[in-house]
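If you scroll down you'll find the structure; I have some questions about it.
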């Protein structure tokens, strides 16, 4: 899989030295372990606004079964969730709610924009007065999936992409810790 | 190893939880933002505090529970010896339970065990 | 009940102006618009019997339609506001769960002061529908128990479904 | 025949043989403490994984299978992740109690371990009121939940905590009643006595139908006491988002999560002890040959096997039934379980006094 | 007595209904072949989507790197949310006539709703729906695509 | 007696449920006034997924606007599209080939089945049973596969176009549908075993969220919600479209008006849909799947209204045309909107847990309500 | 345990008694007052148990007294709280001073 | 000082500290929690005294019952988030003085009294941290549950059968009383 992080990852990644806890190989190894754990335990927030949420449910269902990756522990409260999958359209009235939910999540947290709506406004890009043209206007997004709705496999693909991204240390969180 | 195990287990429990929580303290630096500290209520600001009077319908259960709980306490010593004492113990406990059961029926009749 | 029967039943109940306005064209730019006060006009050519009334009469007629035994229009299934640029039209789709006939009632409202009586006390469902029309069209329903924005945020400016609505920030025109 | 009791005895003997008593005692305490912590961690990991696998198979899917062989490290990753997650405290919360609650819950479930007999002779404290001790200490955990719910300053938490309070105290009664009905048979509250009394058969089989009834009631009651579905009203996800631990995150949440599973383990251990003979192998009356064969299986295996089958039963409930409503839940207890278990107790007494059991 | 009878039958009925449910879940627990999970990233080889599945608009190119798009913008007009942008240029035909031709076929995958209207509208069947679906990226701009391959040109004989 | 205690004002608590809440099935925001656990008032706040579809459609052509409607009630996307196509056809006055009609009905009923299956699973999840959800999705996936093969998408098909359907049935269609019918006939009994008969489920549902027939009419409830209260409102019966008047099926009615009645109505509806599909699957007439229409559609000046029965009830499309390429004004009458307005009335006096059950049996799809 | 003289235990119980006393005197809220009463009762219990253990280890009367005291404390607490709830429902406050004023 | 004695002092400090906080803290919910800790500490003290049954009863009744009930009534009748008013300084002073004086008086009395320890051999085997498993199956001391049960059910001299049955009446009365009082409320003042 080819994940490109030219957008966020500094050149030094992966394997940068953690400035907080001693430094050296040990820390890099530790980082690796932590990233392994984090990437394999992405608990999504139960958050679906419209059609894409149905495909998200399908992904949870027996045929696609995201529990194989350990994603099935969908939490209803943002405090315990790791990743917020924006499944569906975000409208202007919802945007502050989404922001709030994101803010209330405990670090580290990741965002997946699922579907055309969350990525860019999709079918509601033109001639609508109430739709946010892409969730990244509201909160930072880690992975985008195109499709309307993306099929369950596509969501799994996105989650795998996110895993790769976490493992290579290129998520916003990790970069932020590196470069305060 | 006797009652000292209590202390050991207590300390072990404390150490376990403290250890777990300390790891996060050590390694994770969360960000702060004004929203984060607010209570979560489905993503909208809360109205009013839960720390106001709150109408629990459960207190009647708790009241009745307390009575039965005490009764239960007396049943333990009784149960230990009932085999030795024999029928007399059975008679005694039937009286005991019967009296309490009256109260239970009364509560039932009064509707105290209905949900409010 | 067929369309004709319904029409005659209504004629016995409500003062109706004789000459029916022909065709659907009546609505958009008819110079006449609604009939004179107190009289209703039937419109031809539509699928269902359509009756145009003056907005002031609406609550009286609504009560009649709802409670007259032979009609008993107890089911309001659609409430629509239309912006004709010069005026507004409120369209009510009524049916009866007893007789199963359908009646469309149209009321013409002033463009600058779109006001009409609420019918939410007659059909409970109208409460939400009217709030929706208020929210998107800016039609004011007098007597409505809770006329607030429904879909848009409370501080939203403007009435999005009006034809002259402009929103340069949120609306990217194609 | 290899079993853990030998190891413990060996360690014990070595310690007291070679070291001054105080030091030996200290080291023993240390070992016990570490063992308890390890047990906790392992239980958490294993039970959570088990739950996920069980649920997956009931739901015609595979369950975790990609992290480690067969998904074995899934819960390890989860735990590590939770430990590495920010544990935030809401601003409006009562910070002291908010942070205290997880400790309390864990300490309580840790303390209940004391009288549990894990194998023949492997028991921390065989106190003379063993069963009562368990009931008593476990009633402390309700305070942890009430505390967490109140201190969070969150409406969902408070509602969940209240529900849980009412529920736990109510079901304590019928759980206690079923316990007592076995105590009537054994004539002792001491765990080791209770196990010894099942030398020639488990109470579940020896005690006729009343024993089965009280077993059923006990399982139902402890399911409710541990806040498990179908009695998971305290954290009813579709109603109260996450109930009393809505505001908890990271490790503090993990502790609640862990405590829930450890509590399941403990109550199942108690149920196994009372009804299924604890570590006692399956013995049938006087079939000496059969009994002898059974004895070859180490007692710890017996114990773990029994406990895990009971845990499976409780998981089975969870993945089959809808959740009750709070008033129905309380009505179930007060209208059905309590009267039935009272009657059942009398019946059992009759059996015990007349020696009608096997 | 009636009360007692009802009470007892209530209890038994309840237990029976619960056991029924448990039997069903128990059945599924013990019958592994009922499991219907398809393991996505591992089953990529075996996975074949129906040919009508709409995953992405692509432009067909033949072996000579030629496509059939005339740049007529019918698809652009048909698209309900302006996903397609046709940029045309003027080719000089061998006869020296100026002819409108496709320069860039810009396709905003992030906007596309896979509605098939553009395909239906295209008079020359230059574009079609592909069955790809793995469109996850970490940068949204990667989703804007140019459908005509570099150096490609229109096939002979297509008007 | 205890109700009397509940008269003082203190101790009332206002709780927000939603916009992000597992039981609101989307982004409905309910402001609940509680006393203890008893609901005193439910105030729905809408608009968290108001996507201005009506405004948007005013600038889309008659071919284009249909696809947006599958994003409204995405669980009944075929039926929504169907309603729009019907409305446009009414304006164009085209007559459909018989094959197109049958295909449409088949698709509608399959969609209804899929929607009810999802509802069943989600509702069971709301009341706390998690396994039914997965079982329901198994059958739903079977339908999705059929859909995908013929329509090319799993959820938002955009298959019905003015004049017919977009593509002919896939050659495998008949066989797969028959397989599915065979599968589902046995599975629906499992549904009953797992949920319908379950004593916990019954007690969660029975007597909860009562809605009388008069109230159901006054609140404009439609679909299974109204039928659960004994109101006949199936558009397929009352104002048959396509070939529904030639089919044998009945409109399930229950008179309880409580959650369980609504539940039963939907369960029976599933069986009805199955029988409709069975009647049709072997009798698909040959012929065109699309009538000839112009490339650019223009509706004559006038007003057109079409009503269909979606999985949630009566769905209406009201097009006002000025004769151009785009509708002048379009109004969607969504079933969920009126059903939701009865929520407050239904939930008062019940517990929080009941609210979840009531919402579950209303089967709300929020984008359908908000549009 | 035998290293601790009985007086030390009595010290604890007495101190607890007067802590309860202090609470009873300062608090003006029925619930907190009830809590103080519980402390007082408990100090008495400690005494009974300790006396039994130290002075009459062959008898059980201290234990029984403790048991009955706990029973009575439970009954008392239940009734007290019932009264409090009653008062609260009628007066909307369970502050002692206000209760005095609003005689009923 | 042996470990056992140390335990005693820690427990005592815990009981008294928690008790003191329970009566002085200004948040009523915390006050209940401190009370809980104090009561649990007392249960610990009973364990230390090897009165396991009493300790268990203490926890079951107080912690599982009374404190939960108190917490519920706090939720019901108080604004649990609000701080309780500080009592007037005069009252604090007065109460503290009174309590201290009372304590001084009582304690001097206690110190002055010479307790006659039990002379019947050594019932108190081993300290808290006695090594190895607990004393064998023989019920040590008098407070074993079996003895309690026997005496509870005996109707002879020194038996507690009568109080035992009376207790059931007391509980009945309490239960009925509770229900009557807590439920009649509104109908009473109508």
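A, B, C, D, E, F, G and H are the chain letters, set down in written order, and residue numbers restart from 1 in every chain.
Criterion: a residue touches a chain if its C-beta (ideal position, glycine included) is under 8 Å from a C-beta of that chain, and two chains touch if they have at least 3 such contacts.
All values derive from a computational prediction rather than experimental measurement.
Trainee: So if I look at the partners of chain E and the partners of chain F, which chains show up in both lists?
Mentor: Chains that touch both chain E and chain F, as defined above, are A, D.
Trainee: Based on CA centres, what chain would you say lies at the far end from chain H?
Mentor: C
Trainee: Looking at A-B and B-D, which pair shares more C-beta contacts?
Mentor: Greater number of contacting C-beta pairs: B-D.
Trainee: What is the distance, in whole Å, between the centres of chain B and chain H, each centre taken as the mean of its C-alpha atoms?
Mentor: 17
Trainee: Report, in whole Å, the distance between the mean C-alpha point of chain B and the mean C-alpha point of chain G.
Mentor: Computed value for the inter-centroid distance: 21 Å.
Trainee: Measuring from the mean C-alpha position of chain D to the mean C-alpha position of chain F, what distance in angstrom results?
Mentor: Distance between chain centres, rounded to whole Å: 45 Å.
Trainee: From the mean C-alpha coordinate of chain D to that of chain E, what's the distance rounded to whole Å?
Mentor: Centre-to-centre distance between chain D and chain E: 50 Å.
Trainee: Pull out every residue in chain A that's touching 2 or more other chains.
Mentor: 34, 61-63, 65, 68, 76-77, 79, 93, 97, 101, 106-108, 123-131, 148, 151
Trainee: Do you know which chain E residues sit against two or more other chains?
Mentor: In chain E, 18, 21, 24-25, 35-37, 39, 80, 82, 113-114 touch at least two other chains.
Trainee: Please output the residue numbers of chain C that touch at least 2 other chains, ranges allowed.
Mentor: 151-153, 160, 165, 174
Trainee: Hey, which residues of chain D end up touching chain H in the complex?
Mentor: By the definition above, chain D touches chain H via 16, 21, 24-25, 94, 96-97, 123, 125-129, 132-133, 135-137, 139-140, 142-143, 146-147, 150, 153, 158, 162, 165, 169, 172, 187-190, 192-193.
Trainee: Could you please specify the touching residues of chain B with respect to chain A in the complex?
Mentor: It is residues 26-31, 33-36, 38, 40, 43-45 of chain B that touch chain A.
Trainee: Per the contact definition, I'd like the list of chain E residues that touch chain D in the complex.
Mentor: 11, 18, 21-22, 24-26, 28-29, 32, 34-37, 39
Trainee: Which chain C residues qualify as touching chain A in the complex?
Mentor: It is residues 151-153, 160, 165, 167, 170-174 of chain C that touch chain A.
Trainee: For the complex, which residues does chain B have touching chain F?
Mentor: 41-44, 46-48, 50, 52-57, 110-111, 114-116
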